[in-house]
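The following block contains the structure, expressed as structure tokens.
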Amino acid sequence: MKLLEYQAKELLAEYGIDVPRGSVCRSPEEVAAAWDQIGVLAGGVVLKAQIPSGRRGKAGGIRVVRDRAAAETAASELLGTTLNGFPVGELLVEELVLIKRELYLSVLTDTSPAHPWPLIMISAQGGMDIEEIAAAAPDSLHRVHVDPAYGLHPFQGRFLGRHSGLPSDKQVMLVAAVGAMYRAYWENDAELVEINPLVITEQGSLVAVDAKVTIDNAARYRHKDLKGAEIDSVETRAAAMGLSYVELDGDIGLISNGAGLTMATMDHLALLGGRPANFLDTGERILRGGIADGLSLLLANPQVRTVLINVFGGGVRCDVIAQKIVEAVEALPAAHIPVVATLHGRNDEVGRRILAEAGLPGLRVLPTIDEALATAVLLAKNGAGGPSGADAGRPGGAR
Amino acid sequence: MSILVDRDTRVVVQGITGTFGSYHSQLMRDYGTAIVAGVTPGKGGSIVNGIPVFESLIEARDECGAEVAAVLVPGPFVKDAVFEAADAGLRMVVCLVEGVPVKDTMLMKRRLMETGTIMIGPNSPGIVTPGQTLIGFMPGHVYAPGPVGIVSRSGTFSYQVADELTKRGVGQSTCLGIGGDPISGVSFIDILGMFEADAATEVIVLIGEIGRTAEEEAAEYIREHVGKPVVSMILGATAPPGKQMGHAGAIVTAGRGTYVSKVTALEEAGVPVARTAGEVAAMAYDVLRSRTTGDA
Amino acid sequence: MKLLEYQAKELLAEYGIDVPRGSVCRSPEEVAAAWDQIGVLAGGVVLKAQIPSGRRGKAGGIRVVRDRAAAETAASELLGTTLNGFPVGELLVEELVLIKRELYLSVLTDTSPAHPWPLIMISAQGGMDIEEIAAAAPDSLHRVHVDPAYGLHPFQGRFLGRHSGLPSDKQVMLVAAVGAMYRAYWENDAELVEINPLVITEQGSLVAVDAKVTIDNAARYRHKDLKGAEIDSVETRAAAMGLSYVELDGDIGLISNGAGLTMATMDHLALLGGRPANFLDTGERILRGGIADGLSLLLANPQVRTVLINVFGGGVRCDVIAQKIVEAVEALPAAHIPVVATLHGRNDEVGRRILAEAGLPGLRVLPTIDEALATAVLLAKNGAGGPSGADAGRPGGAR
Amino acid sequence: MSILVDRDTRVVVQGITGTFGSYHSQLMRDYGTAIVAGVTPGKGGSIVNGIPVFESLIEARDECGAEVAAVLVPGPFVKDAVFEAADAGLRMVVCLVEGVPVKDTMLMKRRLMETGTIMIGPNSPGIVTPGQTLIGFMPGHVYAPGPVGIVSRSGTFSYQVADELTKRGVGQSTCLGIGGDPISGVSFIDILGMFEADAATEVIVLIGEIGRTAEEEAAEYIREHVGKPVVSMILGATAPPGKQMGHAGAIVTAGRGTYVSKVTALEEAGVPVARTAGEVAAMAYDVLRSRTTGDA
């Protein structure tokens, strides 16, 4: 779960990290009111579109304004638009911070087998993307791994402080911020806490001007009070159904089980000249609505010209899956786009027979994956009028 | 021969009284796996599928000689189950469930390093030594005993590869999935080393995925330490790059982790990379035939 | 630092452990008011003397009363008395709990080299002293060590639950209490958290009827908000001076540095037929008021007939120590009890010379420890009129 | 020869710029100890008693080859200093300060077990190999090179024992205090093993105290593993029993930990127990003389 910038900053502030004075606004009127609170004092504010995406600045999602009217105008221009694919519904209005120096600071989970531990990174060159830093000033990037059994030690914080490029008196503040950031990461099961830029202001304080926080989804049950970005997209709707879905730009709607098998099916379709319309892994939902929910998602995509169901039953039985497929296809409107299905694994012969014997005109059952994929590619190319439904009559257990 | 498990491996199922646990313990037992005990706190003394259930792993170990645990408790309880297994001195834990918090896995892995307990997973489909034992979700009938060792990050796709092999008359020594979570127990490298040392394994099939750098590290290891032929496949040629860890994550992997970098690394290590399950099975078949007929 | 019972219970309650409803009272009037609050409802209260000592019951410090008048009377009888050497200034007035079953539960620091870890102990036989449990029902005592790198695991809590002798439904409550107790121990740097008895009430809840908590003194700087027993004794006054002092029943007042040397000197005095009046280790305070403060403590003890100062200078220099001794003895009233001193270690010859050359009539300087101890024993036996101050003139560096 | 340290041992002082650190680093240097560096965060680049000061232990190790750390930071900062030493891969830390929270020591000790770093202390007077090196608070002039190894829980009293030995013309191989805190690094047993293996040590003096069970365990170890003569003393014959841990603590030690139990254990292991410093020194002297003249 990604936190929006203001949510991330609220979290960091709870741990004692200074963030600019700010207010979340949903209308130009609220922005004007925020100007009166914050802008007048600071002589200017920054309006920042609250979307779960980086590079907002380049997309025009960040505006600096120096009077009330400009703030209102900018708010009108930003609210309601779409940036990097996300609708802009909220703006964070923040006091203008006078920046003397920009740093980069983050903690993330290093998943490498050699060091599957939290990793803290610092660079005296902040403000740029970490990738730009790594390219432009690789020597400025310093790393510390934290042993999860013992946590962060002060000497590690001081190491990062020494490589911050800051004078000693500011290093003390930085070391405190590192400690706070690490606690925020650890106590909230974060995958990433990134402060970029972390700035020294003209007044000499240390302020997190931008922040990114991502929480491990598997651990969200431990942090029910944590709020993240609520994105209304087909991906998040799929996630709410327990399905892993990514929309692509092809025309073959795909339902499969297991991320690996799904990717393999996509790759194989591409080899055959087909273009998958999506990645959809039902995971363990396969028997609990996964097929029907998946079909509904796919059919809502106007690009999809045919649907391919490729399932390999490991723990789950193909005869049960077949029943679910039959029910889901039966529930479709009379003249729907063709559905191609192939089943393998546990009880696959029975499963294929159930599909075949269902006698559904819109459902083609193929005994091998190669044939199923080829059929789907052909159907997508030719449109719904491709090969007849004759295959559906072919017994699944022939081989 | 085989790696890690065989017909004599005495298995305890943690979470055996759950829907999942009782269903899969039955399937495993049907396959021939020596499921000697189950554990569910609060249900000690009951019997599931003819298997005695205990309150704790230590009792299961002492009473039934359990040496390997199949972890089938829900994600939030996996850490406790694995620490209990480490404490009981079990030789191996197979973490089949998904939804384990990464922080928990981090701590589990650190602890298991101390005790020398082997962990497969979390989020692994399991491990099977065909004809002998199966600990996990795999469909047993697609496997057959033989000379191919399969190690995979994927679950279901690895079943398909085994199926393709078996259909070609080529059996498997041991097949296992290392798990799909960000942090997992045994790595490709660990398993490659075991297959290399295993007399029953003649060819190794490695099935990787895009993201992270386990395949690149495996390629390096193969070049240095593996004499047996390895054939491979990388899933996700057409998948959009993962976004989970964002830019900071990408910097850690330093430009590696893509489909191209993985394929290149493997090919440079002399490992052919197939594009479909059928192709990778055919490669393994060809290697075996050429070795048998001596025309390598 | 020992917490009083009510302080310990307040701490445990913060961690979610149930304790009886209670009120701390300092007068019979307050006890009467507490009766109105608590006693009326419960049909009785327990009055418990708040002293940092066990076995209060046997000493008469715990009274069960069943009406208001009896509560007032008992309070009058208890307040202002001395129990086990401690004055009773506060009473904990608690509702009477109907006990169905008593358990023992504690967590403490096991200091053995093999397992220098937190240790949790449980027994289904509570109410008795742990030593009595260990003697009467050793098989009822079960132990779990907690790895400090990972903390307490639920499976360890369940192990303790199974050995609590409770039915499964109550075990769940017990496991929660174990977790809470461990957190209270760990987060507060406790040396010991003991709940005895931990009871199952007739109503079926789990309640800590008595509790002991001791905090590691070295870690008190991390827990400034924690309040402990404030005992006005010579030991605590000494501790406030940074001195480690224990009063004994002999007549030779002893000042030494290092716990080992102090004990060795006491043992040696006993061998010579002497009787030390105290243990007093100046520790690192030796150069910072330790000698003068120590002398003042010793001279306040009317039993003391002579003072022995036996110092071995390791890090500290004997010449500096000698100067401190001279200053302290000079500050004593004209006709004081004799002080015998011997110095060894760094710069000891200079130190002994300084003492000798100070020419103080009440100060005897001996070149060896054996001679110094023998002199002290003799002086204590003979009273102040013992051997003359002649030894003081003997140069310290003669050997 | 000697145990743990000799004239070539390169020492770094943590907390060298404090009053304590600068005073004792000067004394140690005067004795001949190879103090090669100091560490005080925020004071890197300065010089104390001619010793270069660094910001971190890693720099002190890399620049000056420091291998052993003398920890002279205040109690609340000891944990950080010791974890830094473990991280820097130092061979040994000597924790001289008192006032270290027991919880910190617990974690330090667990960590050092993992890295194999030896810890003396906390609350130790230090270690001295007479004529070669001294890391700690001991008064150097009371020691002389020779055949007696001293291991003690006490600080100042062990100086007195060394003094008594030296006055009798008997020098010492290595003398150290294991520290007076509830939990400490090296134990009697560890040191007894080292003295047993040390060619320069002919007689071992063990100085224990009442409380806990280290002496009882040492006695057991001596009986099984120590061939060299050991003489001993237990302090606290007349001391009232400690009250710190109350009854629960007493139950852990299970009736051991008293003066009588310690003396009994030692005597049963063939170790004579003296009652004064002079007596223990005389015992060591007699053992040595009898060995030299062959009338053992």
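Structure notes:
The first chain written gets the first letter, and so on, giving A, B, C and D; residue counts start at 1 in each chain.
Just so we're on the same page, a residue touches a chain if its C-beta (ideal position, glycine included) is under 8 Å from a C-beta of that chain, and two chains touch if they have at least 3 such contacts.
Since the structure is predicted, the reported quantities are computational estimates derived from the model, not experimental observations.
With steps allowed only between chains in touch, the distance from chain B over to chain C comes to 1.
The chain with its C-alpha centre at the largest distance from the centre of chain B is C.
Centroids built from CA atoms put chain D at 49 Å from chain B. Chain geometry summary: the mean Cα position of chain C and that of chain D are 27 Å apart.
Centre-to-centre separation of chain A and chain C, using mean CA positions: 58 Å. The set of chain A residues that touch two or more partner chains comprises 149-150.
Shared interface positions of chain D, i.e. residues touching 2 or more other chains, are given as 107.
Taken pairwise by the contact criterion, the protein chains fit none of the simple patterns, being neither a path, a ring, a star nor fully connected.
Touching chain pairs in this entry, ordered by label, are A-B, A-C, A-D, B-C, C-D. Against chain D, the residues of chain C that register as touching in their complex are 54, 106, 108-113, 116-119, 121, 129-131, 134, 141, 147-149, 186, 189, 191-192, 194, 212, 214, 216, 218-219, 221-222, 246, 248, 256-261, 263-264, 266-271, 276, 279, 283-284, 311-315, 344-346, 369-370.
Chain D contributes residues 41-42, 55-57, 77, 79-81, 83-84, 87, 107, 111 to its touches with chain A in the complex. Those residues of chain D lying in contact with chain C across their complex are 23-24, 27, 75-76, 98-107, 109-110, 125, 136-139, 141-142, 152-160, 163, 180, 182-183, 187, 189, 207, 209-210, 212-214, 217, 233, 235-240, 244-252, 254, 275-278.
Here chain A touches chain D in the complex through residues 150, 153-155, 158-159, 162, 168, going by the rule given at the top. Chain C contributes residues 149-150 to its touches with chain A in the complex.
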